[in-house]
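In the two complexes below, chain A is the common chain; its partner is chain B in one and chain C in the other.
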Partner chain A sequence: MDFQVIGKVLPRKDGIAKVCGQETYPSDVVVPHMLYGVTLRSPYPHAEILRVDTSAAEAMGAVCVTPDDVPEVIYNERTVSIPEKTYCDRRVLPRRARHVGEAIVAVAAETEEIAFKAMQAIKVEYKVLPPVLDLERAMAPGAPALYEEIYLGDQKIAVENNVACERIITVGDPEGAFARADYIVEREYELPRVYHHQMETKTAVCRPEPNGGITVWATTQTIHNVRQLLGRIFSLPLSKVNVKKLAIGGSFGSSIQMNSIIPICVALALKAKRPVKMATSREDDVYDHTKFPARIRLKVGVKKDGTIVAADMRALVDIGAHQINSYPLLGCMAGWYASLYKWGDFRYEGRAVYTNKVPACAMQGYGNPQVNFAVESHMDLIATECGFDPVKFRLKNYVGVGDEFWGQGPTVKSIIKSCGVEEMLQKGAEMIGWGQRRPPREKTGRYRRGIGMARGFHTSGTGGPKPGEVIDYSSATIKINEDGTVDVMTPVMDLGGGTGEAAVKVAAEVLKVPYERVELSRVDTKTTGYDVCTHATRGVYCGCGAVYHVAQQVKQKLFEYAGRILEENPGDLELAYAAEKGVTIIHAKGFKQKQITIGEVARLAQIYSWGTIAATDSLRQKNCPPCFVAHFVEVEVDTWTGIVRVPRAILLSDSGTPINPDMVAGQLIGSLSRGLGYALYEETEYDLESGKLKCNGFITDNKIPTVCEMPRLADIQVYFAHTYEPTGPFGAKGIGEAALNSVASALNNAIYNAIGIRFYRTPITPERVLAALEGGDRDGN
Partner chain B sequence: MERQWVKLKVNGKERQLFIKPNELLLNVLRDELGLMGAKYGCGLGECAACTVLVNGQPMLACLILAVTMEGQEITTVEGMGDYDRLHPLQQSFLDHGAVQCGFCTPGMLLTAQALLAENPDPSEEEIRDYLRGNLCRCTGYAAIVRAVKEVKHPA
Partner chain C sequence: MATDTRVLAAEFQYLEAHSLDEALAWLGQYGTRARVLAGGTDLLVKMKTGQVQPEYIIYIKKVAGLDYIQADEAGLRIGATTTLRKLEGCAAVKTGYSALYEAVRSMAATAIRNMGTIGGNLGNASPAADTAPPLLVYGATLKLASQAGTRLVPVEEFFLGPGKTCLAPEELLTEISLPPQGSESGSSFLKLGRVAADIAKINVAVSLQRSGRNCTACRIAFGSVAPTPIRVPEAEALLAGQEITEDLIETAAQAGAAAIKPISDNRSTREYRLKVSRVMLAEALRAAWQRAGGVL
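So, the complex of A and B:
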């Protein structure tokens, strides 16, 4: 399809500000007369707070907020799910610390230095309780309980054996189907605790307003959910709560919820009656959130001809001290599993368990990288054990066009209408030289190379024909200015992936206006309609879907006013971009001479007092199309040191029409780096004695990949499948999370091909590789 | 702690600052001079988001006491170029999609500038080696390396 701006590589709208150091992130916000806030955090994994003495801090001029000073509201930081499916277990400051690093008392003072000194002067009397740090022990009878009761929506419910929530789903008759299988393959996989490591630590600034309200500048993926939750916690009318949309220094899911420091900052500001800024230190940030660590047991039954007939997955997830989104996570994990292959009859059991550790939240893929690692490693394993070609085995069983896709667990499903899986697997195999792949037994010497592949997907948004457990819609406002330029107002957060630029392109394409003549407005919750959150790879499909929808309304308004001027019926008019003059014109269909520029229409609409050409509306997408990916990678294992290098990677995606091709490539390559970390390096391990992180929150001891771990430029190839999603704006689907989901799986499969050892646990560190090589195991764990 | 006068040059301008001896250069640049381009990422010298040039050398502003900068010449990203007169590296970062969230970008740009001052035509290997201390979680670095490699030098 021939587009004016869609699919073209154009400079990001926020690019110049970012390269000049002029972009405002929450940590850059300065408000006159503001105080600096810090928190005192629990040194114990589990302890009751008996008494807090802030007198010494207050004598230093500090304002203090203790657990007794915050509202008695129990909430869940994440409000993406509908209220009756939301588990609530936390207060702004707790009366019982449930993990090391949980904020207990907050302090604000004139300078950061005084605030720290005041914080150190606070005395807290704790009653230390026995902690629960091991997943299995947490569920054992007699284990210390983190909670006696929590809330599901408004309902008080009891917690037993530290099981936070569970989901059991059976489709068909898996037991009967296993009985008919020729081969049954079963293994357990373990995925680690990983820190998001977004570059900017979480920050909040709150200014109390003279009307009794508050203005908030904060690190978030959702300005509207922050606003609503603050309104609820502090009993403020929403008209008096305003949350500003700012740039965000990376997120990867870490700010899907209202971050823990935001309400603490608000409590301080309301008490001090002055603006307060809180910028989290990196150590406190590492102690604030993590990816969901999971143990996944998978059993699959296959016929001799390679048809899968049965599957059974049991997932056990360590969610840490609070539920942020564990219930929807369990559902989503079921959906990622159910939608990868046609399992025939299958079963899923997911269980989320409380432990006295950092609370887990969404991180790029939301359970999908975990499930994908299990399933895609398993597919390779089955192919090896049963003698199938791994690519053909996948092509025989994958879920594609016409099949049902579980976009957000069992309650949000839609039928797949576009799918590039076959094209990507064929192309990827050709690009990597799959036909020349040699088995592990033929590889000798110190450095052994292997080729592996895996495929994956993610949903685009959480819409289905029927609304499910997840809220999903977005809003936009578009205005034609009096010179024909366009303002786009969208509440959708751009996490860096280029969603903002995509919104501009979609508006420009509908209105046939040059990219340079459309700008994004600086907005907040008062000036925009609701958007749920930038999560679930929904920015382009849902957020820009709303922009597309509203731009169509603006176009109709333009036709109405142009019709009055040209004395034509609005329905007989057409928009066109006159490239030679660089203007957008409205002309009579089939009679181009009868024309007027949109700038002239807007100018006359003002002079004739007709009004501004603008529209505001919301849109709920009623599908959740999967964006597919495939990874074909080559690894080199140094059998002397155990170090795994990645000399070559082929990254393939089906994101429908790539609106920002450079940013789609950027997502794929960025995800290769994060996937490398997930597969080979990253794990924030706990010391099970002290309940502290072994890295103590310092990133010095928690390495993420640098530039040197990446393949050379010429050895990273990106390929876009040729698909068009009929329900997306200009045929677009998402890409963000999909890009990561099969990276670690492909690397694991390549390592097997190099050394003949399959790993069931990441990170596959040099120590684990060496131990497996020395142990002579075929299964390195 | 007693404040003291420090005279230094920041982005080509003479500055006199009255600061405490325990203040970090990063905080002085941001809080006293309003130069928000240098970012706090870890405070440990591990991520290089706070990189500035001191006499042309890339240094980590989160590890430097500002009082030690007497007589030194400091360049922050704000000193590299303006929105209407971008430095060739800034332009190249835009042209090659090397910016996503943008939080590591100022540090990356300044480190790359120091590299190009030492070695105007670095190989890919040399670029990787020079940028290895600057962390980026978004881009996977490839677009950044390409932007440095293909920078168009001013004629």
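So, the complex of A and C:
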């Protein structure tokens, strides 16, 4: 395809502001007369709050909000799913603390220092309850219960054995199919809790307005869901709740839900009748959210010819103290599993369990890296045990064009229309030298190199032909200014991946306007239509899908006005970019001499009082196309120290048309770093006596890899498959989460190829590698 | 939380010293109620996490005459407020004191090395302090000053335990001096962290003198394996006066590993530290021997 701006590498619209420190993040917001808020957080993993004495804090001039001061509303902070599929178990401040670090009381004062001192002066009387810190024990009979009852939508439901929710799915007759299999391979995999490590911690600023409403500046991936939920909790009409769209300093999924401090900040501001700003410290944030851990048992049945006939996956997830999105997670994990390979007849059982730990929420991949690690390690294992080539075995069984894809669990599905899997696996194998790969038994010496591969995908959005359990649509407003330049108003948050630039490029491409003449407007919830959230890798496919849809309407309006001026039927007109003059023209089809610039059309429309050339509309995508990835990596294992290095990585992606190719490559390379952390370094461990994190919330003892652990840039190769998604804006799909999903799996498979030991649990630390090498344990556990 | 690392909520008096006399006078006056601030890369963290709550902060980076590196025939003299970054960029350190150079280079990230000082790294007395093992193997001497005068302390006597030194409340570490290194000497430093920019899981330094095929003297020090950085005389004794061979290096490395008593903590396990200490010591010995001009 020959595009004017799509696929071109152009400067980010926010680039100069960001590198010059001029971009406004929530933590930069300063409002006149504002107070600063901090929270008192529970030192106990499980405790009833009997009494809170705030008198000493108030004597210091502080304003305090206790559990008795917040609305009696039980909610779930993530409102992406439809209400009747949303489990609700939390209040703004709880009467019972369910994890160390849960906010119990909030304090605002003239400075953050005074607020912190006032917080220290508050006396809380606790009734300490026995905590549940182990997944198995949580489900055992007689275990202390975190909740007696919770809500599913408006329905009150009982909680038994701390099981928060579960999903069981059976397709066909797996038992019968296993009986027909020639080989059955079964293993258990375990993925840890890891912290999001987004750069920016959470900030909320709330200003009470004279009309009784509020204005909120906050760290979020969804301004509209924050607005709706604040309206509901504080019984405010939505017309009086305004949430501003600001830059976000990274999120990795940790701000899909309304952040826990946002309603606390609103409660403080409403009580103080003054603006309040709250910004969390890193330790507050580490104690606020985590990636979903998972224990996955996987059984697969295969025929001698390499055809998979049956599969069974049992997933157990320790979700911590609250349900943020565990029910949709269990569905999505089923979907990621169901959509990787044609299992034949299969079964899935997912169970989410409450424990007195930090609540788990989505983190880049939303269950996909966990499922992928199990499935892609398992595929390698089957290939080894049954004597198949790992690449050919995958090509024989993968889910591709014409197959059904579960984009968001069992209720959001669509048929795959574009797929680069075959191209990527062939190309990746060629680039890494797969043919020269030697088995582990031929490797000796201190340093042993291994080659491994894995493939994966993520959905692009959560749309589908019919409404499912997940809400998905976006809105956009586009207007042509009186000089022919263009303003794009989109509520879609850009999490740093370049969604904003993509919106500009899509509008520019439809309207044939140069990139420099299109700008993003600063918007908020009052000036934009609804967008669900930037999650599920939907920014480009869904968010920019709406921009594409609205730009087409603006184009029609342009033709209508140009038709009046040129005295032509609007249907007979065409848009073109006259590069030599640097202007966009509208001309009669097949008769270019009869033309007018769009700037002239806009100018005349104003002078003749015809009106502004603008449109606002919403769009729901009717598909959820998978963006595919493949990772071919080489590792070097130091068998004397157990240290694993990555000398070379080949990252392949099929994101349809790459609208921002530099940023697609950036996502792939950045995700290599995050996947490296997931595979080799990261885990937030608990002290099982105190319920505290061993790192105490500090990143000093919660390390992630930096550029020092990455391969040299020259040793990282990026490859884009040649695909075009017919349902996406200019053929585009997503990339953000897909980029991560098979990194850890590929590294695990490469480690096996180097030393002949397969690991079933991450992180694969030097300590564990050395223990496995010296213990002679071929299973690395 | 019990902490808020965004702010320094505790109140303290900030004193900015412009001369050594001024700093020593304040130290004499306030003693244990005061803390010395140089780069702040350890002190501010401890204050934010509530581990220390000084009433007085005495800032010494503006004291003239504490920030220098002097290399001559008498050896190397380093002022206590010399930044790690400055040491890293010093040719005399790089060419003459390889172990110290490698230690400084391995520390934290550039931004931290720009702030952190060698005096601070020693005064903080972490068992994992990266500059300590090199100073131990070079036989460094520390100059401690107070209003009463100065005294010289061998670095080996300086560390008493985690966070504890022999510095009296009124004393200030002002200078680190290292003896000259002969042409047939060599040294080396190795470190393992969880990631590159990290505190050591374990670190080791070696310094040795060569005469022909023999090692005439050898010093070995480990960090992060005991309450203080430690020498391992058991391994040193095996090498001194001996012809150096691969076998002897392996034997000495095993003896060194057998002499340490590490614990399991957030950074690593006792078992792992025991295993890799042997590998690291052997490698450090080889590197130091080769740098001394020895062949294997």
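In this text, the second predicted complex is superposed on the first by the 781 of 781 C-alpha atoms of A that agree within 3 Å, B and C clash if a C-alpha of one lies under 4 Å from a C-alpha of the other, contacts with A are read in each partner's own complex, and residues count from 1 in each chain.
FYI, a residue touches a chain if its C-beta (ideal position, glycine included) is under 8 Å from a C-beta of that chain, and two chains touch if they have at least 3 such contacts.
Keep in mind it's a predicted model, so treat the numbers as computed, not measured.
Peer 1: Between chain B and chain C, whom does A:T706 touch in the aligned arrangement: first, second, both, or neither?
Peer 2: Both partners, chain B and chain C.
Peer 1: For A:G101, decide between first (touching chain B), second (touching chain C), both and neither.
Peer 2: In the superposed model, A:G101 contacts chain C only, not chain B.
Peer 1: Counting only touches as set out at the top, which of chain B and chain C does A:A279 meet: first, second, both, neither?
Peer 2: both
Peer 1: Scan A:P440 for contacts with chain B and chain C and give back first, second, both or neither.
Peer 2: neither
Peer 1: Using the superposition on chain A described above, determine whether A:P514 touches chain B (first), chain C (second), both, or neither.
Peer 2: neither
Peer 1: Quick check for you: in the superposed arrangement, does A:Y287 touch first (chain B), second (chain C), both or neither?
Peer 2: second
Peer 1: Between chain C and chain B, which one touches more residues of chain A when both complexes sit on the common chain A?
Peer 2: B
Peer 1: Counting only touches as set out at the top, which of chain B and chain C does A:P192 meet: first, second, both, neither?
Peer 2: In the superposition, A:P192 touches no partner, neither chain B nor chain C.
Peer 1: In the overlaid three-chain picture, which partner chain does A:C695 touch, first (chain B) or second (chain C), both, or neither?
Peer 2: In the superposition, A:C695 contacts chain C only.
Peer 1: Shared contact residues on chain A for chain B and chain C?
Peer 2: Comparing the two interfaces on chain A, one with chain B and one with chain C, the shared residues are 113, 279, 281-282, 698, 700, 704, 706, 708.
Peer 1: Going by the contact rule set out above, which residues of chain A touch chain B in the complex?
Peer 2: 9, 11-12, 14-25, 27-28, 30, 113, 196-201, 247-252, 279, 281-282, 495-498, 662-663, 665-666, 669-674, 698-700, 704, 706-708, 710, 712-713, 716
Peer 1: Quick check: in the complex, which residue numbers of chain C touch chain A?
Peer 2: Listed in rising order, the residues of chain C that touch chain A are 1-9, 45, 49, 109, 192, 194-199, 266-269, 271-272, 275-276, 279-280.
Peer 1: For the complex, give me every residue of chain B touching chain A.
Peer 2: Interface residues on the chain B side: 22, 30, 34-44, 46-47, 49, 76-78, 80-83, 86, 90, 93-97, 99-106, 109, 124, 127-129, 131-146, 149.
Peer 1: Could you list, by residue number, the parts of chain A that touch chain C in their complex?
Peer 2: Within the complex, chain A contacts chain C at residues 38, 41, 43, 101, 112-113, 116-117, 279, 281-284, 287, 640-643, 681, 694-695, 697-698, 700-701, 703-706, 708-709, 766-767, 770-771, 774.
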